[in-house]
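Each of the next two complexes has chain A plus one more chain, namely chain B in the first and chain C in the second.
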Partner chain A sequence: MGTLTHILKRLVNLVPVLLIVSVLTFAIGHLTQGDPIEAQYARTHTPEQIEAIRAAYGLDLPLWEQYLRWLRSLFVEGGGLSIVQNQPVFAILWPNFVNTLILTGAGVVVCAVFGILIGTLAGTGHGRLIDRASMFIVQVGSNLSVYWFGLVLIWIFALQLQWLPVSGMYSRRGGGFGDLLLHLILPSISAALISMLVLARFTRIGIIQERQSDHFRTFRSQGLGSVRLYGRHVGRNILPPVVNIIGLEIGTLITGVVFVESVFNWPGIGTQVLNAVNGKDYPLIQGGVVLVALCYLVVNLGTDVVVDILNPRLKRT
Partner chain B sequence: MRFRRGVIGGAAALVAALVISGCSTGGGAEQSGSGEAVSGGDFVSALYLEPLALDPHRQGYWETYRVSRNIFEGLTKEDTSGDTDPTEVLPSLATEWSVDETGTVWDFTLRDDATFHDGSPFDAEALDKNVRRISDETYEFYDEKSAANLSVWFGGLVSGEVVDATHYRFTFDKPFLGLPRILAQSMATLNIGNPAVWEQYGNDGFAEHPDGTGPYTFVSRTTGDRIVLAKNDDYWGDEPNLDSLTFRIIPNNQTRLAALLSGEVDQISYVQPDDVDTLEEQGFQVPEGTGASLLYLSFNFRNPDIKDDRVRQALIYGLDRDKLTAEVYNGYAQPQYSFQPPGNEAYDPDVRDFEYDPAKAQELLAEAGYTADKPLSFTIVIDVANQNAAEWLQAQYKQIGVETEIVSLDRTSYIARAYSDAEPTDGLTFDEYGGSYAEWLYQGYNGLTGKGLDPADFPEISAALDAALTTDDESKRIPLWQEAERLIRENAVVIPIANLTRYYALSPDVEGFVWPATNWYDLTTVWIDG
Partner chain C sequence: MVVQNARGESLTLVRGIRPRRRRSATRVHGQLALAITILVVVILVTLLAPWIAPHDPLAADGALKYLPVGSPGHLLGTDEQGRDLLSRLLYGGRTSLLIAIAAVIASTILGSVLALVAGFSNDNVAGVIMRAVDILFAFPVIIAAVAMAAILGPGTGVVIAAIVFSATPYVARIVFAEVKLQRGRDYVEAAVSLGAGFWSVLFREVLPNVAAPIFIYASGLVGIMIVFSSSLSALGIGVQPPEPDWGRMISEGAKVIISGNIVPALLPGLVVLVVALAFNWLGDGLRDVLDPHRRRTRS
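And now, the complex of A and B:
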């Protein structure tokens, strides 16, 4: 079976998965405590008045009917109308989604560059001080709370040293790419922290295993230079697992930037969905979760395809 | 003992510590007000909540109105110059108004020089379309959602009538003397939007193209990030100083504070009491004042123990509000004893309910049958933001032998648990609300009925509220509301706690900001010095 057919088949498989995601999201939203209308009006309106408002928003309909209406709205009405903000859900989410992708992209770069760098340093220096030092950092870093780490970064680099901005994507009179990059530094480091350390660990182990392999010893005994040895032989062999980890971490980053977005006030989809959860804005929560789930599935699929191409041995039938 | 506020305890403590030690280079500037207003510039305000729809008839929450009042205006407005407490009701889109002797027919004279942002004139026809949008089912653009929202005050509207281009008449089914001040409020009231917009984009589309007569016009909104407004050059009133207003949404308390400290924003709202000293030491302004709101505990009347008058009285006697304001709010709050908040036109600062008397509290509890072996016990349900206050209450009530548990929830789950989904073991919930209009008491009491209070159990309160709401004698209106408040207080159906006296913080170079005795402020008089 060709790669293309394989991809198409996987794409078709996404449909039932997404449908299940949509049912679960809808059910969790509607069956848990809280109601958007009550949240907004409970303190001012009588229960009867609240019922009337709920009816005006169609929230008195049977759940199955509300679900079908929402499903339809995903295709024809831009995800339905946000209850609290009165705007089509995808119109609200789209700019946030792009912002999250920007942050995720920067996080992936930080994760890949520093993760591989630390892992390589530790792996090639296996057993030496640099290895122990790197692994100590990895050990400590993996146990940090991203929320706390973000606040510490703000304190040091934004408030104390005043090198970098505190929050948001652009400064008040700024704008432009350079300004965006400055705003990206702290959030992307916070977002990438855990993923970067996971990647470092895998890279290190990969290199250590390769170094213990027979072909490594043979090449080395033949006097092959380090650059060629690592670049061509070790590097190529550890590439598929590294890509795999990075792919998995992209998914983790997209879903995990919520805390980072909150600390740095990054106007992304995490901030938005968190806001929606606070107001129990069903259409917005549902639209956000479906969008993130879709993204996660697509990234996973993409990773599988890349790994297949990189490592024909794994090719699925 | 000192209680820290903050959503996430550890992080809050850390930031408080780091902010105190840090940022020695930020701020520090002394206020150097030259007194002369400077024109121009962009003002950035950081809100703690995402505003809701920018639609004059659907909007909710004060943070929404702090933005939207720059776009939409009402027929009347409150005096925001800070000169009066309670605020005075002033003309806005109406120049004068009068009511007939029955108290049901209101005549408004409208300005003839106000225009909407698209250039179309504001007149009685435009007002009529606003009225029909919220009350006339035969109007093509009748909006169920707005109508249901405004039913609190406009449910009794019999008719709205265009007399001529600058005169409009409202007729209600019952006397409604509170109308002028209610028209100056933020929610569930008739702020004026441009009908051409809903006729073009539909009722649901209005919030994407908000258009009114206000001093600023809508430029853009990115949900979760910012709302940008620009000066309306054709504004009928005094020209605002600032060229543009940017409202950034920064819900995280620590990040919002850091944004102010680093100069990214000029103003923040919902200042945490723990941050006040730090801000002032560094030269930031944290004006002292009282909005028209109060923090209060309400009872869950679905709990059988709570239905006992002696129990509710004991829980009020057992509460030392002086100590609470000092310890939980660092003294940046005032103890409150009236359910009408400060800033309210019917507020009387001298009234008292069941003042702190722990011996009396224990006596009442014993009388109600509670002993050391079988103590009164219930759950305190709170929104996570009030965790510190709840822990303080728990310790306080332990002193009179009452055992409490705390359930801390996110905001929506909290509202659900406090209102429709209360457990029978829940005892108290924690809220903040209020308004400058005497009729607020009716809304506040509505909120209590949502928590299981059966109005039939307190017929004298219902009768008093009704009498105040529908009096046709202006000289009796305020005394009637005060009488209703007294009955609410004496029946111990709610525990007023305190009102916050620091709420906004501003950069050292912001001039002209006033915190009036209401829940919003005017930005047209603000300027940035230098």
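And now, the complex of A and C:
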């Protein structure tokens, strides 16, 4: 089966998932306790006017029709109107979404670089002190609360040492790319913490297993240097699982990013949606959930495709 | 913990494969004993909080703001409202532990029943169940939690619902893999030929044979979920003030961290870490003791 058919098949598989995700997301609006329209207008409007507003949002229609209207609104009306901010949902969410993507992207980089680095150090030094030390760090780190870890980083590096900014995305005076990078360091490390350690574990196990393989012993006995051995042979064999883990861990990373946005006052989609939860602004919540869920599915699909391409053995089956 | 899903991909729930270590019997029991000691102490002191807490966890006193650790009468100091941190930690543990343990028990039961039924049903039923489990995975946990918060309103229920929602598919997958191994075993055939019904075979015969791995997995899960629930409460969609809770304490400490005082945020986080590690060790230790076969094949 060619890669293309494989991708197509994956895309078709996505349809039921998307359907269920959309129904669940739609249900959020109807299961929410309390009436947001009442809450917003009860003091200033008469019951008749409130009915009219409700009709304007289509809330008097049968459920299935509301669902179809909502689906349609996702594509043509920017996700419908936010109840609190009275603007199309996606217009509100878009700038936050870009900020979240920046932070997530930085998190993926940190996760990949440090995860592979720690895993390689531990795996190549298997059984030695560096292995034990790395695995101890991994075990303790995996049990840290991301939120708390972010706080401790702020306290050490921003408040005590004053090396890095405390929070936000840019300095108040405004700043360029370098300023953004400085603001990214602590949040991206916190967001990537858990996924980075998972990746380190898998990289380590991959390397240890490779070291026990016949081809490793053969190359070693023929006097192949470490750099070529690990770079060319071990690295190539553990790359597909490593990419796979990175892809799968993006779900964990997104969760981390939402916590981190809250700690670091990062103006991302998580902050926006959490505010919407408190304001019962469900069109905004629905829009946010759809956006993030969609991203997650796209990333999973992308990971599958990349793993396919990296692993030629799969093609033959 | 590494799981294989129906498509044969490896998935992982926060912790990966255990590091390879040759443990002598005494070391294994040492780790297990340490974990059990920590957990017994923590559970005891939180249960006894009303009797041993030196102060009311909610009693604020503006004159006693930010007392340092080791102050007379306030062993661990006070927070920004002058509330005693030790008392708050003790009372907070009741909420945090109760939420995590109750939610893990619920998801373990739910996931195990799903997996048992799927494992001994025809391929269609099993396919539907495991496919549904796959779809649950398509939701990032935090999105599920936010959706729950939107539906239920922020509170303890959200944390429990979010944990059940996110942990059940993992439990289901792990137990499903174990249950499949039991299919067609002699004891199952024997029970069936003796006339045992479907449910009787599942719960009387198969369940006891897969109980050990379920229990091991669940004890490790409690640790992960204590961390997770503390983060949710810190976000403001979990336990609501003024009820003390470790996660809540972290976020309240976060507000005053800018003034340079990290103690109110630091202490609950450290407690969460130690308790989570203890549950982690408990799971590992139990695996070594109850499931020695797995230990040897572990890489």
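Assume the second predicted complex is superposed on the first by the 269 of 317 C-alpha atoms of A that agree within 3 Å, B and C clash if a C-alpha of one lies under 4 Å from a C-alpha of the other, contacts with A are read in each partner's own complex, and residues count from 1 in each chain.
One rule holds for everything that comes next: contacts are C-beta pairs under 8 Å (C-beta built on N, C-alpha and C of every residue); 3 or more make two chains touch, one makes a residue touch a chain.
Everything numeric in this text was worked out from a predicted model, so none of it was measured.
> Mind working out whether A:57 is in touch with chain B, chain C, both or neither, as first, second, both or neither?
Once the two structures are laid over each other on A, A:57 reaches chain B alone.
> With the two complexes superposed on chain A, say which partner A:112 touches: chain B (first), chain C (second), both, or neither.
In the superposition, A:112 contacts neither chain B nor chain C.
> Which partner chains sit in contact with A:96 here, chain B, chain C, both or neither? Use first/second/both/neither.
In the superposition, A:96 touches chain B alone.
> Touching A:166, do we find chain B (first), chain C (second), both, or neither?
In the superposition, A:166 contacts both chain B and chain C.
> Is A:135 touching anything from chain B or chain C once the two structures are fitted on A? First, second, both or neither.
The second partner, chain C, only.
> According to the stated criteria, A:278 is in contact with first (chain B), second (chain C), both, or neither; which is it?
both
> Is A:148 touching the first partner chain B, the second partner chain C, both, or neither of them?
Touch partners of A:148: chain B and chain C.
> State whether A:43 touches chain B only (first), chain C only (second), both chains, or neither.
Only chain B; A:43 stays clear of chain C.
> Can A:267 be said to touch chain B (first), chain C (second), both, or neither?
first
> Across the two complexes, find the residues of chain A that touch chain B and also touch chain C.
Dual-contact residues (chain A): 32-34, 147-148, 151-152, 154-155, 159, 166, 262-263, 277-278, 280.
> Going by the contact rule at the top, pick out the chain C residues touching chain A in the complex.
Per the stated touch rule, the residues are 9-12, 14-17, 19-20, 135, 138-143, 146-147, 149-154, 223-224, 227, 230-231, 234-237, 247, 250-251, 253-254, 257-258, 260, 262, 265-266, 268-269, 272-273, 276-277, 280, 299.
> Note which residues of chain A are touching chain B in the complex, please.
By the definition above, chain A touches chain B via 32-36, 38-47, 49-50, 52-53, 55-57, 81, 84-87, 91-92, 95-96, 99, 147-148, 151-152, 154-155, 158-160, 162, 165-169, 171-173, 262-265, 267-268, 271-272, 275, 277-280.
> Over in the complex, which chain A residues touch chain C? Could you list them?
16-17, 20-21, 24-25, 27-28, 31-34, 126, 131, 135, 138-140, 142-148, 151-152, 154-155, 159, 166, 194, 197-198, 200-202, 204-205, 208-209, 241, 244-245, 248-249, 251-252, 254-255, 258-259, 262-263, 270, 273-274, 276-278, 280, 282, 285, 288-289, 292-293, 296-297, 300
> Write out the stretch or stretches of chain B touching chain A in their complex.
8, 10-11, 14-15, 18-19, 22-23, 25-26, 42, 44, 50, 52-53, 55, 58, 60-61, 144-145, 147-149, 151-152, 155, 187-188, 204, 206-208, 222-226, 246, 248-252, 254-256, 258-259, 261-262, 264-265, 410-413, 415-421, 431, 433, 443-444, 446-447, 449-450
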